[in-house]
Structures are given as structure tokens and as C-alpha cells.
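Quick one: structure below, then a few questions.
Chain lettering (A, B, C and D) follows the sequence in which the chains are written, and residue indices restart at 1 in each chain.
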């Protein structure tokens, strides 16, 4: 099948490569001509402009946008004059699903189909395949099936879920039509929300293990600090690298994120390359907003998001106010960092 | 009534002053002779040693310890050779209630009574009176009633709770016999746990108000940061000092902690005198442990405690691990602080 | 001063009464003629329709809407044909501040001023006065000062915040111009968010106190339940009614919400009149959304909101999924309620 | 190697089977003679009493206890008269690591070694192998290596962590000597704490997906309920079974717990077999206590624990108190369940 790809960053370029390997034809465009040339060397058809890309595609066209979320609307606006009814636009980036709903509605009168695809797999997708959550009209998604099938990981060596034998569908291949417009990015949004929670759970547990030798430290006693009641209970110098590794086999908490944790710790158990300022993307925030609209309690996912805010110093004013109150009612003075 | 007071720090000294004002006699001791002298000038009877203090008290004696929690057991051990059956030991500090239970049991064979008193009121107690939560044997607590009555705030100008008229008891006077040994410090422990939650609630709210002008800031766009969707919704430069003040009158969230907040903000709305390293005392931690033993969910009180840990950098390793995972699955690099 | 009041529910009617007591003239309308009659007996001027209300007001008019948030836009639309430039519309209900921003913008071309007022004080406002947080153009808010001044609690017996003497402004009177359109409801929104946190802090603490006798219970031992390690530490039968009362005097956690708690417990310490399904209003939800947009961590306020969701059974599916996973990895079967 | 096994419940019996398959000799005892007989048929050597078991073992003996945590101390006491210096006691159950520290200390004068083993793998261990976290003296743990090696999963098909090639050690085989006495159960404790967090993250995410059709429902409007602002954003009827499945391949959140989730949902997407009363074991609670002693913030793991408490109705009193306060300040009446 033929696909146009706009946006050849790490994600877009690797997707094209995976599609080419799968025997598909790709017409590609990026604002950077150099990137286009590189992929052309890999047998993609390079385009010199959006108009050129559209012209090089057979009708009805299928065009995949892999551009920053903030650039999607402008790219669609620029493409629109060149498109015709029955063409398909696919947003494979990190759009807010609410924008998908709007775009699908805006494109409907022109009979241009809009498909939203949330992808997980990051920098590993070229090798492992991309897990794809897809929203849009059923028949359009089916038309694109060869593309999704080629990009997806496939069943691979992951054991079949008991009971799946008779169910059919594409979920086992690592891609899924989740629902109408926005459905793909909605599911991807929640996926990332869960991801935040999982990551925080591992990080908190590792934090406890790392401090398990706190009983060995001489504590300076001051009125502002509670002494450790039983120092003999905290005398462990745990090897976090080995612990992450041992959990990878046979334990209930084995996961791909644990695999990554083990790999990170093997490089440097102290993680001194990192400062601990953790970014959060839109998905984690939107997940909380959706849960609130739905009245679904999500204390874990929210706590994980807030920890990221705090990691960037966003709790500083709150903290100073706490110190001010403590000074106000008890004359407590802050204890400086050691 | 006569009372021995050991420990003349800010709390102990002011309690003695309030008792003297109330017409009681106080025999006082502190490791610092200068402090003893100062109170002697206020008509307290100074003692030169624990033995001297005991000697100067009528039998059966009532001795109030106002020493750091870590020093209580040693002080009792030093006093014990001088005490006799029917004497009363009162721990007015911040002991863990579990230690109270143990001490009462240890002192029982000697027929020395043990009373634990949790006090709230801090540096304001001399003027406002001390709110006291008391644990110990009923008849002993009753024997000490003149002392508690003098230290307590009394009914004051706080309006009577509807329905209280016929109930009797001392709660309206600001002191209460809560239960057997440890009961006073247990209730004080939970009091402090609640205090953490209340403080955090105000701090978080103020944090939101303070950032309500975030839409005015020029945001550097990078792939790691979600742009603010509706900057026009965050254009408010709120005067936090005035807002804290207005809430003090007629609002549902009026409280003494809000009074203190208002007073702090009036001095400096930016609180730049504080660094935001917030100490936590034992009570906040013990509250969580008790709740867990009792299987009572306390997400708010726990979150308030953890925020204090984080304010002191205790989440740093967790945060670095989150960054490491993000680098692992997506090649995400940390965005440095501006 | 003269004011039109539309919506004579509990809040609107009592506001009119307080204004009449303050010597102001009120023209009132409500869909229920009976309510209009009742207030007419209290010397308000009754109106038979929106048009009639507008006609009975001097120009430039000031009209206060005290209708459900969902009805504000329609009421404004119905009023609009009768209004003229320089008239003032005041929304005193619980509007989302984002709607205020929109309305002010929509009314601007007609030169009709829009003022948003968040009020706290609930059913107690008639006696205590209404704490008001106000958004809108400065000169319009100043024009309405006599109204706000009459509705507000005034300085009352609340002690002056140290440092306030030289500051001036109306905050000490219990009302405040917070900022441009939406600023009043924004501050009120955060006020309610804080309220949720405060309420939860008290509730959690009381929950711990109530279960402090758990060591007295005979526990059925099953493999799914951890036995209490030290039952002798949980032998307290606390009197929650008295404890809430004692904290009202001199303690750090005294507040109006504690006053209400004490009053509730005096009626029935077991609160058996209530089922524990806790509603949440929009403000608590919007507070979380605003914090997320601003990247301000608010674990406490969020936890308080989620607890309300859970109280209404909204965590049930999550809980069933946890049970399903436990069954999956360990064969654990749910222990039925006793 | 030869091992004595006491306690032939699901875990103990399957461990024996796995050891027998690995060519080891097992002497087994259980209070139920029938269970002993069953394993004897599988070529284990049955014992009729603790004394008999000890007698049938070569010196120095290695005896593995797989009994409920509450029964470990008594079993050790019963065994002790029959044991000799150099014998090894292994506690493979769910003991609190603090008990391990105590036991090791108590057994030291008798020169009986104590080893604590936390195992993960549950009912799947017989086939997958048991992930083991081990505490105790280094040389003793090494002596038991053949046993651990046989019980462990081995490297299996789990891909090697990059960088592991040169590290050596047993972690890759799925078992690890973590540290001195208690170290095994400490690490297992934290493992379970993480497990709670992971499970909650998935459950919360699934909860959001399940309610994503809330915009389709007709909402009864009452003053106590906020209407959904944008119902058109919540029109999705997601197939949770397929979504769990698609995430198993190539996504960042793939894990064994997700595998189990997918398997549970395939049986019944509504999980109607479960009531949602979620048990918690000691490990989750102890994890929080350890974190508090260490001052490590763990909002996620704590929230996950509290949700379990709430699932069993343990928040009911708190919730009723919230309703009582709302009634107190605003006259709000609870909205009954539909």
C-alpha cells in the first residue's frame, strides 16, 4: 500500500523505514530537505513540498502526519487545498483527543476522513514495532489495515492470553481500532496516565530500598527532627541493580518499565547523570481532567503527576507557606540542608 | 495547688508563668540555672537539682516534665529514687503514646501515677491558654484539675456549641481527660496529623492563586513541555494577602491557621524569608502508622506528610529514576531549570 | 442604593433581607410568585417578570442574579433586550470563572458591565454576613460598594491581623475586589477546593480516633487479613464529641469547620443520619483542573475530591479489577463483609 | 541436596514438586497427614512429626518453613529441641522482616542459622519458578544455592539486560542474596508495595476508559451534582478486553500484571464475579511504615493501600462526617444512590 508521511523526526522516519521493510511505498516530506534525502536513500519517494507529496500519491490518498501536536492544525490547513474527497488524514502524534473530535467534524463536509493514532513504543518502535491505538470511521481504518499491520509488533513471542483463541480481531497484533474520532488518542492518553503511575510505583519502591541503610547514619538531633526509633531495622545496603534484575524473572512486578529500570541502574546505580527534573507531557494532565469529568477516582495517577510538578520546584511556594505557618504558631525555624 | 516543673524552655517557662498568675505554687528546675533564676524572680520556687525539687514539694507530689521527648525516660529514671507511692508524674511534652503505655506499666508497681498531656497552643499559650488532651487514671487526672483548669484557655469568647448546655465536662474549658495512659498523646498525635492536612490545604490553594497569572508568561516551547491551552484563563495577579484576609470573615474556611497565614503574608507576600524546607515532627508520622494499623484510609494526611519529605529533597532519587526511565523508553532528555 | 435581585432561593432571599436591613431598596423576581410575595411582605419591591423588574429599577441598573449556574446564560439572554448601556449584571452564583470571562467579553460591545461574585457563608450568611470574592471592572465594583458592604460580615469581633492597620482596603470587612472578570469566581473556586481539603483532614483524623479501640475486637484470622501486631496499643474508646469541643479552644486546628463538626457530633456521635454519599460541586473539580494547567501540585485537594467520588461507589470497577488481578496471580478469593 | 519442608499448602507443596523435579530430596511434614501422603506419592519422603522430619535429615540440616506468618515462631519453638548447631532454618513465608532480625538474633547463641526468603510468583511458581529475595549470612545462603537455583525461574526467555554480561551473580537466574537477616523479606515487602501501586495504576486507567461513555447518559440535574460540561467528549464505548490485549505488545506499559488483567477481562469485561472488597496483606502496610521511618515520600504506594481500605468500607465514618459538615454549613442533603 502507498502512504504519504509528513514529519520525519525520529518517530516518523523510523515508521517509514518499518513500512518500507514491510514492502509498502512511502512518499515522504519534512521541512528539512536533508531528512527527506536520507529516507530517499532508503527507497522512500521524497517530496519537495506538501503539494508535491499530494501529487505523488495515488487517489484516494492516505497521509500520515507525524508532526508536533502544536503543528497539526496548521499542517492540515496547508494540505487542505490539495486534497479531495475520500482522501484520508492520519494524525499519528500526541494530539489531545478533543482536537481530534473537532478536526473530524471540520473535515466531514469535505468528505476527507480523519484518523487518530496514538502510538506507544518510542525509540524502540523500529525494532519492536509500534503499539497503535486507533480512532476514526470503521471502514477507513479497515482500508488502512495493511499499514497498521506493518507498523505493529505482531503477536511475536508474547504468549497468547488464555481465551483469546476464538476472539479474533487485531489486538493480538498490537494495534486496535478503539472507536470513533478521538478514540485512539483517548486510549493513548490513558495509557500514558497509567505509565506515570507505574513509573512512580517503581521509583517509590526503589527510594525505600535505597534509604534502607538510614540506621547507619549518625543523626544530628535537633528539636525539629524526629529521631529514628529503631536504627537497627535500617542497616541494609541494598544493591538496587541486582534487585531490579531479580524481579525481572518470575516476580509479579515484572514489566518492560522494570526492564528499563534494570538497564538504567546497571549503567549507574546512583543515576548521577540525571538531576531529577521530570517533564510531564499533556497526556498525564489530560488523563486527570478526563477522570474528573467522569467522576472516576484516580489518586495514584494524580499523585504521580504531582510528583513530577514537585520535581521541577513547583511546590516551592506551598512549602514556604508551610514554613511560615510553622513559624507563626510555634516559632519553628527551618533546619538548613546539610 | 502546688506543682513541680522540670524543663523551663519556652513552653515550660510560660506554663509556670500562667500557673503563677492563676495563684498556684510552682517549684521549678532546669539544667540551666539562669532559667531557674529568671522564673524565681516571677515568684516560682527555684530548685537546684531534681532531688532538691522533690524535697521542696508536699506529698503526694505532682511533677510536670516539659523536656524533649528523647529525654523523658532518663529524667524519670533520675527522679525515681526520690519519689514515693502516690506521687504523680506528668509528661507534658511530645511523647509517642506507645511510650506512655509502657511507662505507666513500669511505674505501676511503685504506685507512682503517670499522666500524659498533649498540649497545643505553642508560643501563644501564655496568652491564649493551652489546649490540653490528657491521658491517665481518672482519679489522678481529677486531682490535677486545678492545674489543668489554670493552664487551659477557658471558655473565653468562643461561642458555645449548640447542644452543649446540658453536657457538662471540661471540654468547653479547653482541656479533656481523653482516656487511660497514652490517650492524651494519642489525641494530640491525631491533632497534629490533622494540622498537617489543614496546612497543606491552605498552601495548595494559595499555590494555585499565586500561579493564576501563568498565562501572561511567554512559554518557551519544547517537545518536553505541554503548552498552556488557554492562556487567557490565567491572567490574574491576585493579592494573596488580601485574599487570606477576606476569608477570615464569614467564609467556610476561616480558622486560626488562616489567621496565621494572613499574618505571614502581610509581612511578605513572597515569603522570601523562608527556603521551603519543612520539618515534620513525630506526630505526623505516628498518625499515619496508627491509621495503617487501624485500616483507616487517610490519603490527605499522608499526602501532607509526604510533601514535607519532598520539600527537603527526599524525593530526589525517585525523580532521577523517573528521568532515567523516560530516557530509556523515549530518549527524553531533562529540561534544565530556567 | 437600589438593587434588582433575580432568584429568591435560600441564598437570594436572605441576601435581599440583609440588604433591606441595611437600608437598601430591592426589586425582586423569582419564577415562583409566592416567594416574591413573601419578600414583598419584608418591604422588597416585587416584580412580576424580568421586564417588570428592569422597568422598576433606576438607570443605570444593577441586577444581581442568584440562579443555578446552569440557568445564568439563559437568564442573561432573557434580560438583555430590556437592558441598556451602563447597566450592571452581577452573577452571585457558582459559575465557572471561564464562563465569566466569556460573558464579560460578550456583554462588552453593549457596554453592559458584568461582575462575578463568589460568596461563602451558606445558610449562615443572613446572620453572619456573606464573605464575597468579586471580579470585574474596578470602577463598576466601586459603584456597587454599598451593596457589598451591607452584605459582608464586616470586621466584627474577629481580631485584626497584625500589620493590617495601615493597609486599608475592604478585605477586613469580608469582601474583596480580586481582579478582572472571573477573578471573583476563581478565588471562590479555590476557596472551595481548600474547603474540601480541610474537611477531609478533620474527617480522616476523626476516623483514626474512632477506630482507636480496634485492639479490643476479636479478629477472625484468615490468610487474607493481617493480624493487628500490638492490640494493646488500640484500646481507646474516645469521645469524639468532647474531643472536637476541646480542640475549639486554644488548639492550632480551631476553625469554623471544627465548630460545625462539634455541633454535628453533639447531635449524634455515630452520625447515623447520614449514609456517607458525599456530593461534590463543580468548584472542587475546577480547582484541580486549574492546578493542572498551572502545574501546581495539589495532592491534598485532589485526594479530598477523589474520596468524595469513592464515597459514591465510583471506585467499584477499579476495586473489582484489583480483586480480579489478585485472583489471577495468587488465587486470592475476596473475603466477604462481616 | 536434601531439604526439609514444613507446611505443604499450595506454595509449599509446589515448591517441593519443583525441587523433586530438579533432582533434590525432600523430607516433608504438614499437620494434615493426607497432604504428606500426596507428596510422598510424588517421591518426597513423608514425616509424621517435626521430630521425625528432623531425624530423617542429614546433618547439618536445612529446613524450610512454609507456614502462615503467625505460626512461624511457634513452629521454630517446637523444632528447636531437635536441632543442633550448624542447622539452617529458612522462613519462606511472609514474615515481617523485623521478626527475621529478632529470630536471627535469638538463634545465634545456638549457632543455628536463620535465612529469610521472600518469594514472588504465587500460584504460577510451579511452572514459572519462584522469584526469591534472600536474607541471611552469606556462607549459609551459598550453601543453599542448589535449592534456590532449582526453585528459581532461571534466565529463561527473558532477554538479558544490556550490560549484564560481565556482572555475574544470580540475579539473572531469578534469585538474589539481598543482605543480612531480614533483607530478603524487606525487599519482598517493597516488592509488594510496588505491586499495589502498579495494580492501582492499571485499575484507575481502566476505570477512566470504562466511564468514557458517560456523555451518553441522561443526567438528572440536581443542585448537588455538577452537570458534565462537554458530553460530546465522552461518547466512547471502549472494549477494555481488547485494549488490555493491544497494550501487551510493544507498548510502554506491558507487564505481567497487564497479562493477568487481559486474562481476567476476557472472561468477563464487567468482572461481575467480584464484589470489589480488596484485601491487603501486611507487606503493603509495612512498606508505608518503612518509608515513613526513612522519610521517603511514597504518595502512590500509600494511595494504593488506602484505596483497598476504602474498598472494604473503612472510609464510611469519614464520609458520613463530610456529609454532616456539608449539612452544617450549607444545609446540603445527601443525594441517594440511583
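We adopt the following convention: a contact is a pair of C-beta atoms (placed from the backbone, for glycine too) under 8 Å apart; a residue touches a chain by one contact, two chains touch by 3 or more.
All values reported here derive from a predicted model rather than from experimental measurement.
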Smallest count of steps, each to a touching chain, taking subunit A to subunit D: 1
Centroid comparison with subunit C (C-alpha atoms), farthest chain: D
Rounded Å distance, subunit B centre to subunit D centre (Cα mean): 37
Approximate Å spacing (C-alpha centroids) for the pair subunit B, subunit C: 29
For subunit C paired with subunit D, centre-to-centre distance based on mean C-alpha positions, whole Å: 44
Where subunit D touches two or more other chains, by residue: 122, 200, 202, 204, 207, 229, 252, 256-257, 263, 280, 285, 293, 295-299, 303, 306-307, 310, 312, 314-315, 318, 329
Residues of subunit C touching subunit A in the complex: 252, 280, 285, 288-289, 292-293, 295-299, 302-303, 305-307, 309-310, 312, 314-315, 318, 329
Residues of subunit B that touch subunit A when the two form their complex: 10, 68, 70, 96, 122-124, 199-200, 202-204, 206-207, 210, 221, 223-227, 229, 256-257, 260-261, 263-265, 271-282, 285, 299, 303, 307-308, 310-332, 334-337
Of subunit C, residues touching subunit B in the complex: 97-98, 101, 120-122, 125, 128-133, 152-159, 161-164, 167, 169-176, 178-180, 182-183, 186-187, 190-191, 193-198, 200-202, 204-205, 207-209, 211-212, 214, 228-230, 232-239, 241-243, 245-259, 262-263, 266-267, 287, 290-291, 293-301, 303-304, 306-307
